[in-house]
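Here the structure is laid out as structure tokens; the discussion comes afterwards.
Chain nomenclature is as follows: A, B, C and D, assigned in order of appearance, with residue numbering initiated at 1 for each chain independently.
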Amino acid sequence: MVQKLKGIIPPLLTPLTVDYNLDVSAVHKLIDHLVEGGVHGVFILGTTGEATGLKYDVRQEMINETCLAAKGKIPVMVGITDTSLGESLKLAHLAKEHGAMAVVAAPPYYFNLGQQELLEYYEDLANCLPLPLYLYNMPGLTKVHIDTDTAIKLSKHPNIIGLKDSSANTVYFQSLIHGIKRQDFGLFVGPEEITAETVLMGGDGGVNGGANLFPRLYVELYQASLDRDFQRMKQLQKQVMEVARMLYNIGKYGSSYLKGLKGAASLLGLCNPHLAPPFKQFKEMEMEMIANNLKVIQANIEKIGLSGHTQQYI
Amino acid sequence: MVQKLKGIIPPLLTPLTVDYNLDVSAVHKLIDHLVEGGVHGVFILGTTGEATGLKYDVRQEMINETCLAAKGKIPVMVGITDTSLGESLKLAHLAKEHGAMAVVAAPPYYFNLGQQELLEYYEDLANCLPLPLYLYNMPGLTKVHIDTDTAIKLSKHPNIIGLKDSSANTVYFQSLIHGIKRQDFGLFVGPEEITAETVLMGGDGGVNGGANLFPRLYVELYQASLDRDFQRMKQLQKQVMEVARMLYNIGKYGSSYLKGLKGAASLLGLCNPHLAPPFKQFKEMEMEMIANNLKVIQANIEKIGLSGHTQQYI
Amino acid sequence: MVQKLKGIIPPLLTPLTVDYNLDVSAVHKLIDHLVEGGVHGVFILGTTGEATGLKYDVRQEMINETCLAAKGKIPVMVGITDTSLGESLKLAHLAKEHGAMAVVAAPPYYFNLGQQELLEYYEDLANCLPLPLYLYNMPGLTKVHIDTDTAIKLSKHPNIIGLKDSSANTVYFQSLIHGIKRQDFGLFVGPEEITAETVLMGGDGGVNGGANLFPRLYVELYQASLDRDFQRMKQLQKQVMEVARMLYNIGKYGSSYLKGLKGAASLLGLCNPHLAPPFKQFKEMEMEMIANNLKVIQANIEKIGLSGHTQQYI
Amino acid sequence: MVQKLKGIIPPLLTPLTVDYNLDVSAVHKLIDHLVEGGVHGVFILGTTGEATGLKYDVRQEMINETCLAAKGKIPVMVGITDTSLGESLKLAHLAKEHGAMAVVAAPPYYFNLGQQELLEYYEDLANCLPLPLYLYNMPGLTKVHIDTDTAIKLSKHPNIIGLKDSSANTVYFQSLIHGIKRQDFGLFVGPEEITAETVLMGGDGGVNGGANLFPRLYVELYQASLDRDFQRMKQLQKQVMEVARMLYNIGKYGSSYLKGLKGAASLLGLCNPHLAPPFKQFKEMEMEMIANNLKVIQANIEKIGLSGHTQQYI
């Protein structure tokens, strides 16, 4: 029986070399950084991990290396989202083999599935998986929304143990909190701007991209929310909002988040700034903006004082 | 200078006769019911008020009667959303004349406006209005989203005093809370499922449809959120979730909310069940489900005990 | 019994004064221009006519003046699209009174109707109307698509005599041509780029915005399509494509079509360039581009030679 | 220099065994059926081929077997659409190795790319590919539309030789026909309902799913369109519309097309009815409807008489 996971589970960036292979040493560095920052687990090969843009051998290597680096330190959740059920299963077996704790799957994202089709897909998947499954609702990218009724039905499957919601719709999230009766079912949100409020309202934590950069900030915000320490929460929430405002909104299109986050991570010495196709890293001008904003954010975080080791950035 | 409004502002149902004229006596009854329930204001001619489906003379009569009934008791906000700026202004002048406190406008909802066009539209509107303006973000119906940057720019206009967000996206709502610097700018949410959490995080209240039925429930939830009384909040939030689950999800299509809410209101003796075209009231079978569910909800609300007068329903 | 209308039915621009009232003399000038250009009817108060942005008294005056100007010359179709059934009916009665031939209604465009709701809405409307009805499919603006099955069912109503499709989806249009069995049911397309091909495949004509500018061009293209004169069709189609490319794609957002069309009409001396709110006319720089492009288009049209009177533009 | 391909290029169904492996003998049978039916090429691993649902080894085997079966008979276009550029390139190299004529790629379909990002993605891809590339516009499934300007820019790349449009929007298609100046650039449509009209207007043919079933019907419709033989075209178009109406609209959701097409193919003895996950084949009741409808269609096709060999179905 898996114990219910709670807290901050960063969706790990996938560190790449210039030719889109895995930067193995950066994976270990990143995991060390997060472990030191007190996170409660890591989620690899999600949207932030650019899983769909990676070649399969890179995905496999990412599983191996992350599990190796995290072994005995923090649990690993492995993204197996794929349009092919067979490829998802292959990744899941690899994850099992290397000691991952669970897998995570968004709906197959090419065809427009109906809810009944989606239900059957997840049941078939959960029946075949060697590890417990977290559902991953990401309608903006997959086009398919895991409706409340579907999620509630799926929550009764013994091998489905939680759901990560990246819809940002907290009416939906509240409906899940109230509709799902299993106490051991984990409910996480993606967007870091709403981790605090969902934890206040009964959620289990956040799968927050910014935690790649400043893990302790997100861990303390989670803790303050659990403790209903509103004064501290307000200080921390403000910084989290500033990370989002100053790092994820530079440039155009929906890719600003990914480009900004990886750009900032590179400036913090955590990995290279290279993104997998179809995206390209920010150019010099945008990187300068990121660098300037990062300094402001670091100074502000310094002011409010985070517990734990002082984080030494470049 | 208008004092900042906070709390529960029910979006009033528009009571209709069988031939789609205004049921004047029901307007007064409904206002009395809400005043007695302790609400902090009312918002007429919104989505819940079926404004767009009403003839203009009915909208005008609704303004007159509501202002008359609410006079000296609670402030009235008047929806002036229209595709024609000229018609919006006419309604606003009538609202002013009858003593309304403010007007509310969603984007004009036929054409797809760009953000710059939307900004200029709202600036033009605010410049001409005889009353202060609340923005109303309702992208699911208007197609046009009032983006964070646009809302922040508009929040600096002296005649724009608040925003009601019905997007259900609390990442957006958090961005407004952090990005808008005016202390006297009101930020409300539409969906009742998230009033509590947004109030905890700095929001000013809820424009919640269910408050037409059970005003005291929503008012107490708002107060418990303000007081950070989590134990009470949990009890009340559960009932609010049940109202949404049991009354707004019967039947098909997006109209279930309106049909269920007005159907329930009719069973509580507050108004007729008639909806303005293009919608029709629930048929007998669905009304029976509403009636049964209403009894369950009433019994559960009874159990947790609301302060104030006992509400006597049919 | 109304005879089946076919051919080019321009969706009339609504000429406005600087304060958004009707420019009555321009209405008459525009109608004369179109009658001289050989069009088969006119459609007022549609999307191109900015109906939703006009005050009701302007819409009413537009009905009066157009019917007056067109009397005995060409049939008038009157747009009565509205979110309020009652207001639609008022406009329809006025249209009847002034001698219009038919009315046109897109789905009510605020709420998201289901197909069954849409079907009942149109049946109710058609039952009450004093004039025959054309359905108007415009899903990009109304959000509600009149699905094939719904359209086929509605085509059996004796008071529904046709459909104008502005979806640009010719799979849908082919489905209507094959699925609707009434010979006297008129099927028109909105986008001028596809009038020729739909006429070749069995359609009845085009409700084409560019025909406000160059009626003869569109009338000849329609005729060439009827005659299957591919050589002539190719010449004319090329010019129609250039009108769309050079006049409707300047500036940003979806409003380029309206701004470009009305801007060009003003340069041709047909009306003022003022648009009803929420839109504003092009600024000087864009108007210069329109002016230059207009000259190129006029020169090219000159080269291929249109029959009828030479059009004298400013 | 590749000669410009024109005509009917069926998007090949992928015949599967019950455990989702390739049914090799059915691939050969299907290719023979299509060659006999006179098609001008085949396109494998597209939407109809369920490419995204197949394991990679099945995709590879499909390339090998199709190229083997088609060798010296008809050209093969290979779908390499993938969210990972690296995986697309691997498939392209395999296609080259086995003698395919070209590759086809829709936009990477997980992230929402902006047009500039899309442009750069396709340029990078085209620069690396060992075979010429057809663009594939499929916005309903990829979310990303290849806008007219983007397509026109890409049409100037020497290694991009055509575009298949499955948007069903013929305004867009006309814009491409008029905007792309290269004579050797191939423009095809996906939906079979509009192959005839686009060929009349300058298109190069159809990538039509129904041609898997009745290749000769589609080939003759293409030829009649080229010949402007309207009488024959009308007969054939009617049958094509009936295939779509009677076979692709059974059941719910967007998957009716795939389920109906493969179900019908199985009844014609061309392959098994198994679909790759996330879809499942029709159940007995729906299969009976398909069977009945298929008989009606076959009888009607019989009546109009197709040239070539009589097709012997089960």
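The criterion applied here is as follows: contacts are C-beta pairs under 8 Å (C-beta built on N, C-alpha and C of every residue); 3 or more make two chains touch, one makes a residue touch a chain.
This structure is a prediction, so every number in the text was calculated from the model and none was measured.
Using the contact threshold fixed earlier, the set of chains in contact with both subunit A and subunit D is empty. One inter-chain figure worth recording: subunit C and subunit D are separated by 35 Å, centre to centre, where each centre is the mean of the chain's CA atoms. One inter-chain figure worth recording: subunit B and subunit D are separated by 50 Å, centre to centre, where each centre is the mean of the chain's CA atoms. Under the contact definition stated at the top, not a single residue of subunit C touches 2 or more other chains.
Chain-to-chain contact here is organised cyclically: the chains close a single ring, every chain touching exactly two others.
Interchain contacts (touch definition given at top) occur between A-B, A-D, B-C, C-D.
Contact residues of subunit D toward subunit A in the complex are 20, 47, 52-56, 58, 83-87, 107-114, 116-118, 120-121, 124, 140-143, 252-255, 276-280. Listing the residues of subunit C that touch subunit D in their complex gives 168-172, 174-175, 178-179, 191, 193-194, 196-198, 200-201, 228, 230, 237-238, 241-242, 244-245.
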